[in-house]
Structures are given as C-alpha cells and as structure tokens.
Amino acid sequence: MRSLTIKKQKREKIKTLKDYLKLSEFRLQWSMVAVLAIILAVFTIRNPRVFLSFRIYYSFMSIIPFMAILALALTPVIICKEMDLSFPSILGFSAWMFTSLCASTGNPTLALIISLITGLLAGLLNGILVVKVGVPSLIVTIGTMFFWRGMIMVCSGGVGKTLVPVKGTILFQSLVGRIGGVIPAQALWAVGLAFLFWLILNRHKFGTHIYFTGDNIESARMMGIPVNRVKILVFAQLGFFAAFAGILLVLEALYHWPTTGQGFLLPTIASVFLGGTSAFGGMGTIFGTFIGCIIIGALEAGIISIGLMGFWTQVFYGLIIVISVGIHTILRRRT
Amino acid sequence: MELKNEKLVRMVNISKYFGEVAALRKENFEVGYNEVVGLIGDNGAGKSTLIKILTGVHPPGKGRIYFQGEEITYHSVERARELGIETVYQERALGEQQALWKNIFMGREMTTHLGFLQVKKAKKETERILKEVIGFTAAGLTPDSIVERLSGGEKQGVAIARALHFKAKLIILDEPTMGLSLSETKKVLNFVKGIKEQGKSCIFITHNIYHVYPVADRFVVLDRGRTVGEFIKKDISLEKLVNKLYLVARTGEISQN
Amino acid sequence: MLKRYLKLSEFKLQWSIFAVLVALFTLFIMGAPRIFLAPDMYYSFMSTIPFMTIMALALTPVIICKEIDLSFPSVMGISAWMFASLSASTGNPTLALIISLITGLLAGLLNGILVVKVGIPSLIVTIGTMFFWKGLVLVFSAAGGITLVPLRGTILFQSLVGRIGGVIPAQALWAVGLAFLFWLILNRHKFGTHIYFTGDNIESARMMGIPVNKVKILVFTQLGFFAAFAGILLDLEMSYYWPTSGEGYLLETIAAVFLGGTSAFGGMGTIFGTFIGCIIIGSLESGIISVGLSGYWTNLIYGLVIVISVSIHSILRRRT
C-alpha cells in the first residue's frame, strides 16, 4: 500500500514533464510536414530541373487524389479502432459498375448514382457483419475483399472496357477535367473532401462520437453514444468514397481494367498511419493523413526523377514508414 | 403521501439470489434528500448488487424501489438515468485521449440543429463547470487538456462534474478513492463535499472507512447480504465506528450501541 | 470452469471447420468425380499447399499473441532470393540454405524488436518492413530470375522437395511434421502456454512473471525463419527463382489462419484449425475449375467461404 502511494506520487511529479510536452499532437503534425519538406528538398537539390518546374506538381495533383480520397475515408475507420482491407475491391467493383452502366445506358449521371450506391451498400455490408454478427473487421474485410474482387472478375469476364465516349461531358469535366486548363479537378475534390472530413471529425457531433468509440468503447456506450451505429456509418462512408475514388480513377484513365484498384491497399493504409493515426484507436487527424498521402505519392515520382531505379521506391516506402512511425511512437510514449 | 418526510430513494425488502446464493436478504436501504451515505462493506457483502439493482443493471428479485415517493415498476439503466441517478464507475467512463471539454459533453454534445458542435460555448461551459460545480482549480488545467494527462483524482472530479452538470439528483460513487494517493484522495473527498453543497445526494461505496468518514452524513454497513449496522455521523466517533467494523469482521454481528 | 467452456467451444469450432472441409470436398467429388476420386489431384495438392501451410502454421502463434505480420511474404521473397543467388554463386546449397534461414530469422527478429522495444503496433511495423524487403528483392534481383536446375538431384533437393516413393512430395511431409511440432509446442510446452497467456491478457501475463516481451520477439522471429524455409522450398519446387516469389501469399495465408478459428482478439487458436483452413483455401481454386466453373469465380467463392465460416465462428463463440 505504501509503496503504491509512493509510486503514485512519483507519477505525479513526472506530470510536470508531461505538461511540458503537452503539444505532442501538434508537434506530430508539424513533424510530418517537416518530413515532407525534407523529402521535397532532397528531390529538388538532386534534380532541380524537374522539381522546380510546374509539371511534376501537375502530375502529383492528377495522381495523388485517388489515394488521398481513400485515405481520408479510411481515417475515421482506423480512429474507430477498426480496419478495412476491402476498400480497393469495392473501388474496383463500383468502377466496373460505373463503366458498364455508362456503356449500356449512355447516361453517366445515372451510372454515377448507382455506382455510389453500390459502394455505400458494400461498405454497409462490412459494417453490419462487424457490428451485428461480431466478426472482427480485419477478418470480415479480408473476406469481402476477395468477394468483391471475385465479383469484378465474374461480371467483367476478365476484360477491360473503354470510357472514351464519356470524355467531354459535363460530368467528366467537373470530376476530372482540368480547371483553367491546368489544375486537375480531382485535386480540388480531394482538398474539398479533406475539409469536409476535417469539419465532421472536429466540429460535428458524429466526429466526437467516432473518437470516443475508438478511444474507449465501453465508456462511450455507458455515456449513451450509439457505438454500433457509429461503426456501421463509418464503414458505409468508406464504401461510398471508395466508389467515388473508383469513378474518378476510371474517368481519368478512360478505361476500366479488371485489376483497377489493386495496389491501393497498402500505400493507403501506410499513408494513414504515416499521418499519425494510431492503430490503437481514438487518435488521428485529417491533416496528418493528407500530408501522409502527399509523402507516399510524391516518393515514387521523386525517386525516379532523381535517377534511382523505380525498384528503390518500395525500399524507401518501408524505411520512411518505419522511421516516421517509430518517431511518432517515441514522441507519444514520452507524453 | 407527504413529500416532506419522503426520502429520495427507498428500497424495501429487496432480496436477490444468484442461483442458490443469496446476494441480498430482505434488505432495506434509503437515501435522503441532500444526504451523503457511506455504503461500507467487504467484497461480497452485497454493496455492488444493491447498487446495480438501484441503477437498473440487475432486476430486483423481490422487493420495491421508490424514487421521490413513487414506485419504480419497470427499471432499466435508461430509466435510472432519466430519473436522475448517475453512477460514476471505477473506470470513470472517460475517453482518455480526448480533450476535457469533449469528455464533459460525451454523448450529450452541445450542437446546432445540424449536429455541428458549439465549440466555444462548450469550452466556456466546461470552464464554468470545473470552477463552480466542484471548485476545480488545478494549475494548468484547461478545457483543452487531454484527460490522459490528468491525475487519478482529477479524472474522478471530471466524472463527478459531468454527472452534476446533467442534473443528477443522486450520484453513486463506486470506490472513487481506490488506488489513489493521499493527496489525490483528498481531492476526491472535496468533490464529494461539492456534491452536498449543490444540494444533491450521494452514495459513496467503499471499504475504506477512513475515506468516507469525513464526508458522509450516515453510514450503512453491509455484511453477507444484509445491513448489520447503521450510524448517523453526529452520534459516533471515527474510533468507535472502526471498532464496530472490526467486530463485524470477527463475528458478523454488530451492536447498535 | 472458464477453461472448460473454452475447451468446449474450441472443440466445436474445430469440428465446424472440419465439416466445412468435408462439405467442400463432397461438392467437388459430386461435381467432378473423375478428377476428385483419382489420386493425381491429391498429389498436386500435396505439392502446392505446403508452402502456404508452413507460413500459416508459423503465423498462428503471432495472431494468438494478438499481433499481426504482413511482412512474411516479403521475408519469404528476400530469403528465396538469398538462397537462389547464393546457390548459384557458391555452388553450395547447404551454405545457401543456412544463410537464407538466418536471413529470415533476422528479418523476423527485426519486426519483433521494432514492435516490442520501440513500441510501434505490429500492423504498422510490418507494413513498413513488407515494403522494405519487397523493395530490396526488386533492387537485388533487377537482373531477373535465377535458374536452380543444377540443384536437382542433390540430397538437399531430394530431402526437401523430392518425391517420396516416387509420388508423395516431401514438402507435404515437412508441412505435416511442422504441424505436429507446432501443435506440440503450443499445447505441450511452456512456451506455448506463454503465447496463449500473452495474447489473452498481456497485463496479467506480465504480472504472473511471463516474459511477454521475449515471447513476442521469439514469435516474430520464428515466423521469419519459417517464411524463409517456405521460400527455399518454393525455389526448389519450381527449380527457378522469380523476383515475384512470395507475392500473392499474404491474404490467402491470413485468411487460412482466421478460417481455422484463430481469434483476431488474441489468446485463442489451434494448429488443427489452421491446417484445415490451409487445405480449404489451397484446394478451392482447383476445385472450382474442376467442377466446371470459370477461374473467375475463385475469388468470389474465397470471399463467401471466409465470410460465412468466420460469421459462424463468431456466432458460436458468442453463444458459449
């Protein structure tokens, strides 16, 4: 009993140090910006011709938004202490739905709506399996990942489809057109959605509920937060935005491959974690995710342009993830 | 029924069996208006069963519960909360990595019609609650503080403040001083005094008589599912009470003298 | 008392997964009796399923420990490269085997240390090391594949992937032997008990003097080691090393472990379940094609089998 008291008192003394490091979340976010700045600085020094011209940034703006939209929608899921591995398959299936409906009905708006609803329902299915049946999300979404990927193969018969006729429509212009001839519309969508997600997570009741659900689900339940509904909604929105990203992706490429969406899984998860969202739930910021996406997205283009072979990209991905998350973890442990 | 003589809570003839084991045997228990009751007893004495029946977690096996003179027929956790019975659990029901102001309004956020948070208002209100409701004056504590960085006693304070703010009539504290250091315990006891000053009632569950003695008006000692002693503070000194508790531990009986 | 309930439900779980396997094979036999009543199909299963099985066996204790590893296919890849290139350059396959196994071991150890000592959640660490090792494989093997045909006929080749009695692939015996070893350690050795307790409740385990950090590090390390072993077997079976060796194993292997009833919440899981899970996942594709469906259906049916079985597990567990 006495030793326990002494221990407690010791802990209180350390509190002064803790207070000193109170700004850790804030620091974490800026440390990510610093990492991004360093990476861009290295690239610029090694290849100023490329990195001082607008073209590389133009290509960033046309490529990164797809992953960014996925990562933004994945962030609340991870804050909720859940996981989703099925979103790239949902993306692929919704994109197929959009492509084939465009071709068969000739009405891209209708195709857009149905495709978004498909994504939403696929997300909802994940949510229901997690909450109502009680299967851990990591497992359910491995299953649904296979399922939707299989649906793409079965429905498409393994062949791609062109979307060229959609080019030039208002829908095309407003989703992936070039604003003023230079800025890709998808970049504006990503920025707009980042703001929307920030608003919901930080200024809306629903965001608060997401954080509390991930932080301590028992407490949240005791205080009357509808944790089940929160989780289902969080999965459903990820399905919806995966569909949206899929539509943007096929419109940008003007073609749907049966493999559309594959390869997004791990870079997207990596960028969310890189942005400082905790795998233990209850913690994470949209700003961090956004910077994380830019880092992961810029690395590939950058590595090639400074003259290293593309093979090195993944080595750098790995190093940057382990090192930055290691730093996050150490910073957090101190506080 | 005359309201003046009526108690806030009256539990009459409560019996509860888990299988063959009697957790409570024809127990009577009351809490008056603006009264702090210390509920004392060892593990397994029936304290938590009694409280879980009162808060609607367990249905009572036999017996009746009256709240402000009216019998509660269908009891549930939600009903208890509607009536104004708030429980501060040992684990305090806080989201530790979230800001203090968010925790105060957890599950009952201050929002506009569209559900957007009224951040400024909520923070201001938090500051007021911390100062006025429980006299929270710890240095460097702001509505933006992360709960994880609060001390154990401070966390207890936040939980109590939250309960008080939401118009609880009766606050149940489940072992609020467990595992806390001396100075932290003192803080918690001050919060309990705050409850009384607000004109509310409180049940303080503990097995540590030294913690509850300074703040309670009345003590109820439970042992093996029934009340073995009931004392008004002004009638009994701490030393006498402690002696009586030793007696319970040895014989299971207590004399009213 | 709690343990008794637990055992009962574990028991049910194991038989429910076994029932899924039996139902599946009944369907296959009814759909394609000529193929599924002849031994050839089973020899082919025995030559292809063991690679995934060995990794799934080693992954099971990691998941029982409430951790995850996404890097093992990349570790398999780098070790497979190491083995192939050293065999080719030194002409000494035994040396290559040893160095390759040590490489895998160290890669696993690195994961363990990053998780335990630095404190990064394993899901994140192993995404990082997955990229890292995969990247190194791509950098090192920029020259392309490596042929391993000269190794055919060596004792090492015979004992690892030869055909016993001309028919039974040696890797199948390795997989069965390792399954027995893992069962023994998890159920009859102190270390196994420590793994279950660490995953069940790490705080209690620590309080009771179980060296939880050491347990976790060892668990990651052994997965690296066995991933390397699986990589070597795969090299030898193919007699050729491709830079893409190991790709495609990640989700199938994890799925097999979960299908076998290992809980994502830690502290629960059996080797028997994992073994059956591997056979189900490993035989689905051939089965689907044999009964006349197009290969496009494979993933869809994978998904259905996983979601349905795991839902049944969850419901069974909740009841008991």
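Residue numbering begins at 1 within each chain, and the chains themselves are lettered A, B and C in the order written.
By our rule, a contact is a pair of C-beta atoms (placed from the backbone, for glycine too) under 8 Å apart; a residue touches a chain by one contact, two chains touch by 3 or more.
Only a predicted model underlies this, so the values are computations on that prediction, with no experimental measurement involved.
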item: Chain contact graph, described as a line, ring, star, complete graph or other shape; value: line
item: Most distant chain from chain C by Cα centroid; value: B
item: Per-chain Cα centre nearest the global Cα centre, belonging to chain; value: A
item: Inter-centroid spacing, chain B versus chain A (mean Cα positions, whole Å); value: 44
item: Chain B-chain C separation of Cα centroids, rounded to whole Å; value: 52
item: Separation of mean Cα positions, chain C and chain A [Å, integer]; value: 29
item: Overlap residues in chain C, where contacts from two or more other chains coincide; value: none
item: Overlap residues in chain B, where contacts from two or more other chains coincide; value: none
item: In the complex with chain B, residue positions of chain A that touch it; value: 4-5, 8-9, 11-12, 15, 18-19, 22, 199, 203-206, 208-209, 211-212, 215-216, 218-220, 222-225, 282-283, 335
item: Residue ranges of chain C touching chain A (in the complex, touch as defined); value: 68, 70, 114, 118-121, 123-125, 127-136, 138-139, 142, 251, 254-255, 258, 263-265, 294, 296-304, 306-307, 310-311, 313-315, 318
item: Complex contact set, residues of chain A against chain C; value: 83, 85, 129, 133-136, 138-140, 142-151, 153-154, 157-158, 266, 269-270, 273, 278-280, 309, 311-322, 325-326, 329-330, 333
item: Residue numbers on chain B that touch chain A, as the complex places them; value: 81, 89, 91-98, 102, 105-109, 111, 115-117, 119, 140, 145-146, 149, 151-152, 179-184
